[in-house]
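Read through the structure below, which is laid out as structure tokens, and then see the notes.
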Amino acid sequence: MLKQIEGSRAMAEAIGLCRPEVICAYPITPQTHIVEGLGEMVRTGDIKNCEFINVESEFAALSVSIGASAAGARAYTATASQGLLFMAEAVYNASGLGLPIVMTLGNRAIGAPINIWNDHSDAMALCDAGWMQLFAETNQEAADLHIQAFRLAEELSMPVMVCVDGFILTHAVERIDIPTQADVDAYLPPYEPVQVLDPKDPISIGAMVGPDAFTEVRYLQHYKQTLALRLIPEYAAEFKARFGRDSGGLLRSYRVEDAELIVVAMGSVNGTIKDTIDEMRADGLPVGLVTLVAFRPFPTEALRAQLVRARDVVVIEKSLAVGMGGPLANNVDLALRNVAGAPHVHSVIAGLGGRPITCASLHRVLRRALVQPWEGAHFLDLNEEIVAKELHHVRKVRRSGPTAENLLRRLGQAAEQSAVLGASR
Amino acid sequence: MEHPFAITLDVGSSLANQTGSWRTSRPVYVDRLPPCNNACPAGENIQSWLYHAESGDYETAWRTLTADNPLPAVMGRVCYHPCETACNRAQIDEAVGINSVERFLGDTAIRHGWRFAPPAAESGKRVLVVGAGPSGLSAAYHLRRMGHAVEIHEAGPFAGGMMRFGIPKYRLPREVLDAEVQRILDLGVVLKLNAKVDRIVERMQAGRFDAAFLAVGAHIGKRAYIPAGSAAKVLDAVALLRSMEGEEKPLLGRRVVVYGGGNTAIDAARTAKRLGATEAIIVYRRTRDRMPAHDFEVEEALAEGIMMKWLSTIKRVDEGALTVEKMQLDDKGFPQPTGEFETLAADSLVLALGQDVDLSLLDGVPGLAIKDGTVQVGPNMMTGYTGIFAGGDMVPSERTVTVAVGHGKKAARHIDAWLRGAVYAPAEKHELASIDKLNAWYYADAPKTVRPMLEVARRQSTFEEVQGGLDETNALYEARRCLSCGNCFECDNCYGICPDNAVIKLGPGKRFAFNYDYCKGCGLCAQECPCGAIAMVAEEI
Amino acid sequence: MFQIRIHGRGGQGAVTAAEMLSVAAFLEGEHAQAFPSFGSERTGAPVVSFCRIDDKEIRRREPILEPDALIVQDPTLFKVVDVCQGLKANGYLLVNSNRSLADLHLAAVAARLPAGHALTVPASELALKHIGRPLPNAVLLGAFAALTGIVHLKSVVAAIRDTFPPKIAEANVAAATAAHDAIAQSPAAVA
Amino acid sequence: MNEPARTLDPTQKLHFYQKGTFTVGNRLVSEQERAVQASIDRSNALTCGHRACQGCGEALGARYAIDAAMRETNGQLIAVNATGCLEVFTTPYPETSWQTPWLHSLFGNAAAVAAGVAAAMRVKGRRDVRVIAQGGDGGTTDIGFGCLSGMFERNDDVLYICYDNEAYMNTGVQRSSATPPAARTATTPAMGPEPGNVFGTGKSVPKIAVAHGIPYVATATVADLHDLERKVVKAMRIHGARYIHIHVPCPLGWGSASNDTIRLARLAVECGLFPVFEAEHGLVTGSRKIRRQVPVDDYLKPQKRFAHLFGSEQGNKRLAMVQAIADRNIVEYRLLDHDGDV
């Protein structure tokens, strides 16, 4: 059914349709509206037979989910940013124990400096914790991915993180098609755990595993994710057949045929990029786009197949591995490693801490990529002047104070202006 | 169900890990000798019969008891119970009232008319027992149960010896004594009364006895030379007490003085009181703490109004009065005369200065050794004359009923072995279960039950039994105060507190076993065993 | 694609206004996208919200930098923010005020726009009258419908009813309808 | 006419076997009066082959508690375990010593994980299946404290059992917030002007648990099995958040003889340093009285971790400070008030 609602609400309704049995809620912007919505639906009875638990921390949120999942309940929780880091230990534990928990990550930057706005730093920080990570481009996809996530997680007995851009998606009100309970029930079978805590058949879960078997345990985890590379497209196809929409899958391509330059990106920025590409195509520029949905498992084969035909690849990502560059770009590089005549990969770091990625900026950087591609990472809309001043200042004054505050002071009035316009949010 | 590899395990799989290999010393179950058993002159297995009494199985308790001592009802009244003195519980609160439980069992047996099992088979041997006192009755009982034909030849008109002629009614009612004697006779022991033996060897030949056990006791009151006026009334305690069994009671007058400090002196004084003496005074040359009499008897006497005159000797007796010299103890604790004299009004004087043995029956028997008026015997209780054994007061030893009963049992075993041409070797004694082997924490605080006493007024005027018995509740309670020193009583501590579940419970009465596959040898079981029935021994490495 | 930027102060319902506007468009079969200027603003602080309306899927997610219409819930904002930044030459300007554009020193701005594209409406006053509280957001949507014709009043009314509990909804509907009708009858009157 | 025999003290119920009133069981005691540990068919929830040290108090306490809970719930029990000695010595791949459904997640989240299991049981309509969370003092009073407090505050249907051996033993005896004053650990060495653990530090988690107003809080010790089992059984009959804090001596960490484990636990109670009490809905309802009071020296002396307290003037001063703590407990919990409750 079509609705004009907030993304968070849409996700809450989709999750509710998945018949979660235990939901752990701990507030952190921008994920909060999702669990608020779920809490309301549990109270009103729209979600039946479900325990909604207000926990005291993200660490507890995932820990309670771990217990619930191990005891055979379909468990869900949501978090973001610092919250994900605070539960990091449990994040590894859930995947290590093979518990099919689904968690929404309202992607947000990580401090310091404290910043509540959107980027992918949180997802990247724990991308190798053994969870599968699926990135939503739109709120429709965000809602749909949760339904696929439970199916995927429970089939492989491995947790899934649905990554949704904070504010940009979670707080946006738009047209979303909410599926019927009957369709979701038909698509998502009841949870049948491969192992469960049950007095009828007691087992010990969570043994200490030494050097003699640890490698094998890890290998098997890795092997499961390689299986996911086959399952994710299957489930997306099945989803389309039943719900009539393209949602999920490993990746999607847009106007890549004959494209000499292919952009690779994840999440909500893809929409803006598509508009930009249309305009460039109108000017006859051979540009295409590959939208990555699955970051873990990383669809190396599928991505290579898309990229080899291009001359250059521009990876636009909302994260920075300080001292290394763009983690996504790095992963894309790996996908093209040892490929004869592989395209050159150019990295763009954009939208950190919520800075808007505008069509104008995209035009600038992509057009430049066509004529004079760069090596290393390009920081979109970086305020060179302020950076230069600060560097100069730091060189002069040893105790030059906190960089973030210094920069804000220099931005002065302009900062306030653009802040109000939402231009730097 | 197929579990995920390694992180998930099937229950109980650790049984494959035999931690017994960690052990450097191993626990073992042991049985140690309880102090009560060790102290009993009659060699009773006290703890064992208490064990049965605790569970309310009084008959088994009684049968276990009488396997060693045929006179529990008597013992429960007259024994000075060294077992209670030795009892470990005395160091926790108060000793277990073993004696009172013994009396309870004895009385219960009489009430129910329990009888001894007859001998399994007749040996065809004949044994003569001279004297029907505790020692003789005990020997006769044991010998009979071993299958020998036994005849008791008693000089007196009744069986019981000192139990009858030495111990007053108020301490040992005669019907109790008679019942326990009769039960022995019912085994087929022949008792001949008024059959004084004057020539033992001849008597043996005449009766074709293969062996003899002499237990004639010590019935001759010691006399001390005291200048006495013609009309002075002087008699000895043994005679006094014996005469109590006769028809007419002795006339002692209103004021009676008893001379001596032993239990007999006390008995004499208390008897005098009951015979109507307004004053019964015990004169003793030393102080109370040096008195041979048992303190509780002194207490009872004082309670009954008996007066004591310490540090005094009697120098002369006249009609109605006697002269006493004050004494004082020298640094060695011996009484020395002071030269101070005083007169004491007295209608009669009873001498309680100990007893001598009438050895006339041994005249002309070769090879006997007599010393200090007693017959010398070997470790097997045999006198210098082959085939003649002796015990009780007539041999050197403490003169108590219990010791005598013990002699009877010991002699019987040796006589039995000798008759079979064998030598009796007593079983090896276990290590003593001293208090340091126990973990007293586990025992409840449970003070001893006090036996009821007849009120004083009646004690002064009648010969009713002074000390009452316990009812079943009290007896059970008292029995259950036993610590079971040195022997497992299945409290389940070891089974319960083993951190490695390495103790196997075998079920009621079967105790426990160690599972050395898993026992790490921590020693908790030994440390926490209440009764010291577990020992740690080093493993050979 | 038609893009609206709403300026207000925390508590005036700028975000709700954008959402109601998107719902109104949705009800007319349009694609619409409403989103706030994400931040941690508190009551009274200047806030901005956005709404895009199009007949096809709206993909771009950048803030609205070149609006086709501006709705200003509080004229005092002109002093602190460059409200009109990026306003298209043929755009619309709707300001909540009892005073005229001239009195607000907006005559010059209005002059750059086509005639009848800029006007003030006493939304707070109407709100006080009908709702009892100076909440201008729904009222301004009624005016916006009349001014631009991008959405119809009935859709705005439906959106209002979809957003508020009945009683408050009806009060807002009344206020919005009043504002709409006033403008529909004679734009000049309010100009 | 005969004076009646002394009437028995009512506390000495005659049907109770006098020898061994405080023992695990007894051939003459009725099944009800025996500890679960006396039973041939006890569940041995923690079975043979585990890798605990010789004389491990925690292995003991865990089996006592879980066996009792198993009996009370007819085996309908799920246990969650925090990281620590108990977890490591019971479940090293490929062997587990547990006979119950058992889950180990992390060091600091046992209470939360258990809350999750309990929630799952509720949605599955398995109210009969009960949940126990267990951990050492580190996992409970330190790193797991947040989750513990959350579980209490939500009144989740979980019994949390802390096996308190007063330090981080698994990692080599480091100080925890349950380590007593003056105790030597690897991180509070017996050196310097204030050797051992600093006085005036640490916290009483049982008291904090009481402050949450949860239905049931109790302390217990491996030295009093009957009391421990009674409390576990009582706890299992209550729904909501419950907490039992069990004192479990550690021969390795305390530097005591492996056969002294129970004796030391007993002395800790008898000297007043470990008050054994119960509380319901935020109110202390009773305490187990000291039976034979001893000075703290008797308890401390057999432990090498306190060796530095003996034989010096300074040591004596500090012993007096420890005694003062015991004396305060005795007053606060009325440990000598035998007329009092329990």
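Residue numbering begins at 1 within each chain, and the chains themselves are lettered A, B, C and D in the order written.
Everything that follows uses one rule, which is that contacts are C-beta pairs under 8 Å (C-beta built on N, C-alpha and C of every residue); 3 or more make two chains touch, one makes a residue touch a chain.
What you are looking at is a predicted structure, and each value in this text was computed from that prediction instead of being measured.
Interface comparison, B-D versus A-C: the higher number of contacting C-beta pairs is recorded for B-D.
Averaged C-alpha coordinates put the centre of chain B at 49 Å from the centre of chain D. Between chain B and chain C, the centres computed from C-alpha atoms are 115 Å apart. With each centre defined as the average position of its C-alpha atoms, the distance from chain C to chain D rounds to 67 Å.
Once the centre of each chain is set as its mean CA position, chain A and chain C turn out to be 34 Å apart.
The set of chain B residues that touch two or more partner chains comprises 6-7, 9-11. Residue positions 97, 202-207, 209, 213 of chain A are each in touch with at least two other chains. The residues of chain D that reach two or more other chains are 90-91, 93-94, 96, 98-100, listed in rising order. Chain-to-chain contact here is organised irregularly, matching neither a line nor a ring nor a star, and falling short of all pairs touching.
Against chain B, the residues of chain D that register as touching in their complex are 1-6, 8-9, 12, 14, 16-28, 34-35, 37-38, 40, 44, 46-52, 54-57, 59-60, 63, 90-91, 93-100, 222, 225, 251, 257-263, 266, 292. By the touch rule above, chain A contacts chain B in their complex via residues 96-98, 157, 194-195, 201-207, 209, 213-214, 216-217, 220. Taken together, the chain C residues at the contact with chain A in this complex read 18-19, 22-23, 26-27, 31-40, 46, 48, 50, 58-63, 65, 80-82, 85.
If you check the complex, the residues on chain D that touch chain A are 75-78, 80-81, 87-88, 90-94, 96, 98-106, 108-109, 112-124, 129, 146-147, 149-150, 153-154. Of all residues in chain B, those touching chain D in their complex are 6-7, 9-19, 22, 54-55, 441-447, 449-455, 458, 468, 470-471, 473-474, 476-477, 480-484, 489-493, 495-497, 499-502, 505, 507-509, 515, 517-518, 520-524, 526-528, 530-531, 536.
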